[in-house]
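The next part holds the structures, each set out as structure tokens.
Next come two complexes built around subunit A: one with subunit B, the other with subunit C.
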Partner chain A sequence: MAILRAGPWGNLNSPHVDEPAVKDDQTNIYPVNCARSDWPNQPWTLLYNKNSDISISTGTAALGSPVTADGVIYATVDLDFNWQATEDFDVTLQWDMTSTQSGSSIYPTLIWQYYTIEGTGEYVFDTPSDSGSINITLPASTFGTFSASADAIDTYGYGIQVEASIS
Partner chain B sequence: MLSRGEEIEWENTVSLNKQRETRARRAKAKSNKDAEKTELKYERLDRDGVSSTKARRAIKEKYAKIAEEAMNVGGAKEAETPQNFYSKKNEDPREQSDQSPSTTFESNNPPTPDDEPSDVDPFDGDGFGGDNFELDIVTDGNTAGRASFSGTIL
Partner chain C sequence: MNRFFQLPNDSVIPFIPKCGLASTAASIFFHQKKIKGHNFKLTRPVLNHDNKPALAPIRDAVERFKSAVYQVNRGDQSITVDEILDGLEAGTYKNQHFQSQTDILKGCEGCESVKLYRFPEDFQQMLTDGGLEPLSEHRNKSTDKPELTEEQETRVRALYADDIALRSTLD
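Up next, the complex of A and B:
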């Protein structure tokens, strides 16, 4: 059965919110996508937050577009979006975390989670290798919300870079 | 002779005015229904057998008549509005190229709902509104598309 579009932005409590002029994760609303497809008048979009000990910024990114955060001691990339889907579908979460000092430990962590308006959900915490990717199956839902976070710490303070994307 | 840009602007203005008229008419119809409900509610409180049924029927007939009159008035206006509207514009001497600029908006602009209220919905004939509109949907296979709906947006 077809699903009527929600959004264009929103969250589980407020699925119908206008696109904000200023994209900021503090508003707690995120773009609503049609699975991995574009809407007729809105391309697939996620809200990112790049956070590190030296800077913080927020914006939107397209499907498959990498988001990179640079820090001296730590850096984190958060990726958030909502979806509507008539069938289960896969997204790929990719990450690449590096230190500017070759061989330095960066203690990567990865968190991803989703919840649907129907009440299903999943939360995963992992300490993965410095780079990689994982396929995540998101269920059919009239409204679901997804969040991923990639984080790394360089205890010696040489400099750190975290890159992540959804495709 | 209007340029294409002016024509588009003119059509948009006419369309907006028609939408305002539709909204005003719906509000009026709802107000009428609410008044009927209120009267029926109080009649029910005073119920005393046969006379109550008669009174309720009278109330319903009264409001049906009001609604019918409102629709008839609207129909009459609809029939004459476009003709007057365009003839007024065509007869306007300032349509000629050597006219001096107008100092008021009154004679150059199309009538607004405030100037010439109407109860007519130009988009349908049922007298109670109803528009066709398109909304985005997710169809089978997670495909984004558009679907046409017909009805009233409340």
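Up next, the complex of A and C:
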């Protein structure tokens, strides 16, 4: 199956968008990757958003690079990217959520979801253990869009750290 | 602090573990997929209810406890019913799956209204009232819930007396 390249950024409605100078997760456009590989002129990239009660920031991260958000009561890490692939491929979503105080308790949630331009999609929501990883198979697609979100609330407000990555 | 799912008709569902969370989330996703909304943000829980009307599923406390025991013993984790009960009674075991429903509902203070539904009996109606399509299957259903001894069930009923009283108003 031959695929006309999209990107470098975009979404299902606008698959050909230039990389924005300022990264902003409110625009709903994300990097377009070639499965788990680099394009010849564009390394594999995702857009992250780190959101907590003390800070918020958005940027890009490479495959396998952990993204960490720190908060007092809550912290969230969102990871978004698009892909094109001629064959199904696997990615691994890893998360680690910790309270900064021993004995405190955190309430974690984890979501991953995707849509493809061919009309397929999958969604998984969980209240998982504080750390772990899961392998996710993404289908061959002329354009797919993926999102993962890991968040945790510290029930005592001692401080919380959420780390997540895609590899 | 509590989380809320945002619904298409501008109401919210408070985040009550072991009361159909995965199914609620899936129903929102399938609605987005159906209308080709493809907006990931709308399927993520938010931290504020923005004074919107709330729809809340309320489950039998003993059944919910048993489902939570199953949940926290998935994978390589292992904790017994008695260890959980000891920890809950002493206040040393904190886990969102065991937070009482009445405690979680306190997070709905300020909502325009709070409508309660029996879970699982009226769960599909709750989704419909929220502008979602009923689900054909229950997601993340517990498959191997423990049986409780008489003494354990008595302890659960004492711990969750408020939840039991709330649920009895719906039956």
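Here is the rule we go by: the second predicted complex is superposed on the first by the 167 of 167 C-alpha atoms of A that agree within 3 Å, B and C clash if a C-alpha of one lies under 4 Å from a C-alpha of the other, contacts with A are read in each partner's own complex, and residues count from 1 in each chain.
Quick note on the criterion: contacts are C-beta pairs under 8 Å (C-beta built on N, C-alpha and C of every residue); 3 or more make two chains touch, one makes a residue touch a chain.
Bear in mind that the values here come from a model prediction, so they are computed numbers and not experimental data.
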| message | Touch test for A:S37: subunit B only (first), subunit C only (second), both, or neither? | response | first
| request: Between subunit B and subunit C, point out the one touching more subunit A residues. | output: C
| task | Would you sort A:L12 into first (subunit B), second (subunit C), both or neither based on which partner it touches? | result | second
| query | Is A:A2 in contact with subunit B, with subunit C, with both, or with neither (first, second, both, neither)? | reply | first
| task | Have a look at where A:I111 lands relative to subunit B and subunit C in the superposition and call it first, second, both or neither. | result | second
| Residues of subunit C touching subunit A in the complex | 1, 3, 15, 17, 21-22, 25-26, 29-30, 33, 38-40, 43-45, 47, 71, 74-75, 77, 94-97, 99, 139-140
| request: Would you mind writing out the residues of subunit A in touch with subunit B in their complex? | output: 2-5, 34-41, 84-87, 89
| query | What part of subunit A is in contact with subunit C in the complex they form? | reply | 11-13, 28, 73-74, 78, 80, 104-105, 107, 109, 111, 113, 115, 121, 123, 125-127, 129, 132, 145, 147, 149, 151, 153, 155
| note | In their shared complex, subunit A is touched by residues of subunit B numbered 135-147
